[in-house]
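In what comes next, chain A is part of two complexes: it sits with chain B in the first one and with chain C in the second one.
After this line comes the complex of A and B, so read on.
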């Protein structure tokens, strides 16, 4: 091996791999081993049951849509926080982290109180025919809430480091504002935006605490996959719970790989630099 | 296009970037805005580009109000100090950007854009680099991509902000010559900002020297160098020796050296004199007034040698430049005594508060210049 300027490559790599194995891979292996207890037939039967499919669909589709919404709103909020100076900016900036800091159950109860048919917001939405609490829409609202900080926090440093002169160059070359945004600013933000999207997605897929309060947990309608797992655990069906967990894991992993490929593509201009 | 800049003022929080600046820019001219940092030269360039606006004053382009046009309609090619390349686009895409963002009725066809980009790549000597990203280019190459991108929209005027600032010395000199040739070929009005006086004097047809938001002098490089209008221009352009002279019964003098003249006819008692290092005579004959100076050190800098002289009677350090090959001819050695006298000087009288008066400048030449 060539000599390196930075010392400790061997020991730090070994430590990192061992840690990763212990913290991430070992539990996942145990999960897979446990899941194998129900056998292929049992797994197929479990996954093809309409109730499981409905729960998985709600968890995944809800999380993807929530992450998309967070990407758009997060970009807007990040932009405002970085680009403009206004009174209360720092307070506003600190508020962004609140969904991180709040215990998820508290968030769930707060959201339910707000959106319940007699809640502060719910009582105005109810006459319009919009029901949020105890519907899939409520699940989606909770998912948006918990994933919100990720996009803002990943975008902020990148937005702050965008050089002003690049936008000025675009304008002096004849670009309209929207062309500057879509052809210059957005492509440069894309890698960070995708990172934020992936984090918000991962958080929303696995979210349990805040969702179950507002969801109402009506089977086939507003029941999320993590709740099904908990129910199986309560019935001492450990193998079934593990099998569902593996299914969710596979879906999440596939989604994250997809995002990561997209990200690599959006970042191609920084790869083979001199 | 003839640009008339008239009485421009621009103030930023707590600092006057432009203070009553008027200037006219002729078609096809190569103009340098020269000054130290904070002198307002970049602000002036940005106002021309439409990236900033003056608080008052006007800019007219052949009689039309130039300030009313937004940046994208001014037909200006701007090269930014740090190039401002689009780092997510390849060299080709960078150069084509200005053509691709045009509304479709004005946009050239794909083939035409491709052909124009190829032509520009050849012109800036970057053939074969078209598929690279800016991160894969050297500083000099990025600079040329920025230039090609600005030229692609066929501007009426090219603006360059410290175009060679971030490059190493060798590349800088090469690119400088190349830019001059390009300008002669394209006959494009070009304005560039620099803090490097050598760059400004070498490249430009005309130089505007700026200081504290004001234009101190505008003129050809020869005029700026040989007939500086203000003490600031004297000190900013090239190296210069500065000392004071006082009025006596034989005109102005400093110690044993005398000018034998007083153009101000006794109105001032003191003046400040600027003498360039190459204007010092090192072996003045005994018949001429001169200083006794000691040669303290010889700094050999390639073709030129810088001499560090000390006039003990005035406690004055002087620098003189001679050609290196003249060192042995004149028998110069550190430690020797020399009779030194200026062959020419630029003088400004000082008012009662000791402020130099630029309007009363006096360019003095020795009566019988004999080569040293």
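After this line comes the complex of A and C, so read on.
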């Protein structure tokens, strides 16, 4: 074996695998084992019910759109925080972490207080015919809120390490501003941006605490998939709840695989553009 | 190294003997959400009585949460000595796992329900929509707030109360009752997951014209919020909501706390326990105390679960399980 700078490969590998197994795989295995009680037929019946489909659609589509919005706004905010110096910058930088730090229930209640028809924002939106709290739009707002820090925090270190001379070189070679952004900066940011997008997405798909307060929880309209799991548990239907959990896990996993494929492709894009 | 282990073991030993010698008894009461105020007072009174009679001091720890979630915690190993939940179905679920006898409801008087409540309406000041009875809830332009019966025990009582009203109307049948509750849920803009959440939506967010609620929640909300911002409307007919209590057999045998746990649930039936229940807006079972607190609890026609629906297992299967009547209503679609 090649000599490494730091010793202890065997023990650290063993520890890492054991830890992963204990913390990640064991609970997942337990989930799958519980879910197997429902049987294939039961699973198909569960997944083909219109109510399950509607809830899954709201959770997944809402999370994807929220993560897209976060990717765009997060890029902008990250850029501003890294590139510009302005009074209060450190404060704004600290504020980004707030959705991480806030207990999700508090976030949900705060958002509902803001957007309810008698809330600070809601009372101005209501006359315009825009209803946020207790609608799918409210679910989306909460998902944007909880996912926001992921994009900013994954982008910041990459943005900080971007060398300005690259942009200057692009400019001196006659690139337009949009060309500099799309052909020089974006390819370098793409892997980190996709990671942030994936994290925001994963967080939003399974989010319960903050969403539940602002969603109206009306079946077929504003009911999220995690709520269906809670309802199954309320009937002591552990197998059904676990099966829904496995289904959500499979969807999330498929989305994450998709994102990592995109990431690979973006690496190639990055290399080509350099 | 060896020495430190010995010291540790000695310390543990000392702690254990100290705990045995002090004769402190500890009970865990696993309850549902709106009983916080009630059991705080019950526990103080019971501890004083037990100390006076037996000389031992008893500490009662409480755990509160949604009734179904609490039952699941006990099933999954929360070492409850006593459970005091929102509906018998949740204690049945614990009994199904063998933690207490299947006939637990026969072991205490009144179906193991020391106090009852009922389902009433909370409306905004001056009752602007003129809500008087269940029929008014389905008028055009009336919005009703009630939690989701799939996730809330309180909401199941609400649902059955509405069903019973429709069933008891002239010409009432399962078909007319189903049509009525279907219409009713078309007037519900938000289905909160629990009873407290629904109260918040109605009170704090200003959503809806009527909140269907436990009488004790409605009275508590009215008293705590004051300013006469809300009024209680008692419908012509409603259900007797029976939140039951039970001693968890296998846990008290393990802890050696059967005697004190039994005394604790029996204390709820004593004149003192009944009075505390009444002060916390639960309807006492004792006729004497019911008479004394009559002004607080308006008279109305009531029916019980067993009058119309059999027991909770049957009601749960017929109405609230997957594919049951609530799912058939197509709420939202």
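By definition in this document, the second predicted complex is superposed on the first by the 262 of 274 C-alpha atoms of A that agree within 3 Å, B and C clash if a C-alpha of one lies under 4 Å from a C-alpha of the other, contacts with A are read in each partner's own complex, and residues count from 1 in each chain.
In this text, a contact is a pair of C-beta atoms (placed from the backbone, for glycine too) under 8 Å apart; a residue touches a chain by one contact, two chains touch by 3 or more.
Because the structure is predicted, anything quoted here is derived from the model rather than measured.
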item	value
First (chain B), second (chain C), both or neither touched by A:133	second
Contacts of A:235 with chain B and chain C, given as first, second, both or neither	second
Chain B versus chain C as contact partner of A:149, first or second or both or neither	neither
Contacts of A:216 with chain B and chain C, given as first, second, both or neither	second
Superposition-derived comparison: chain B or chain C, residues of chain A touched	C
Which of chain B and chain C A:226 touches, first, second, both or neither	neither
First (chain B), second (chain C), both or neither touched by A:50	second
Chain A residues within the chain C interface of the complex	50-51, 112-113, 116-119, 133-134, 212-213, 216-221, 223, 227, 230-237, 240
Residues of chain A that touch chain B when the two form their complex	163, 165-166, 168-176, 179, 183-184, 187-188, 268-270, 272-274
Touching residues on chain C, where the partner in the complex is chain A	66, 68-69, 71-72, 75, 93, 96, 148, 150-151, 188-193, 197, 204-207, 316, 320-322, 327, 330-333
Residue ranges of chain B touching chain A (in the complex, touch as defined)	49-51, 70-74, 76-78, 80-82, 84-90, 97-98, 101-102, 133-138, 149-150, 153
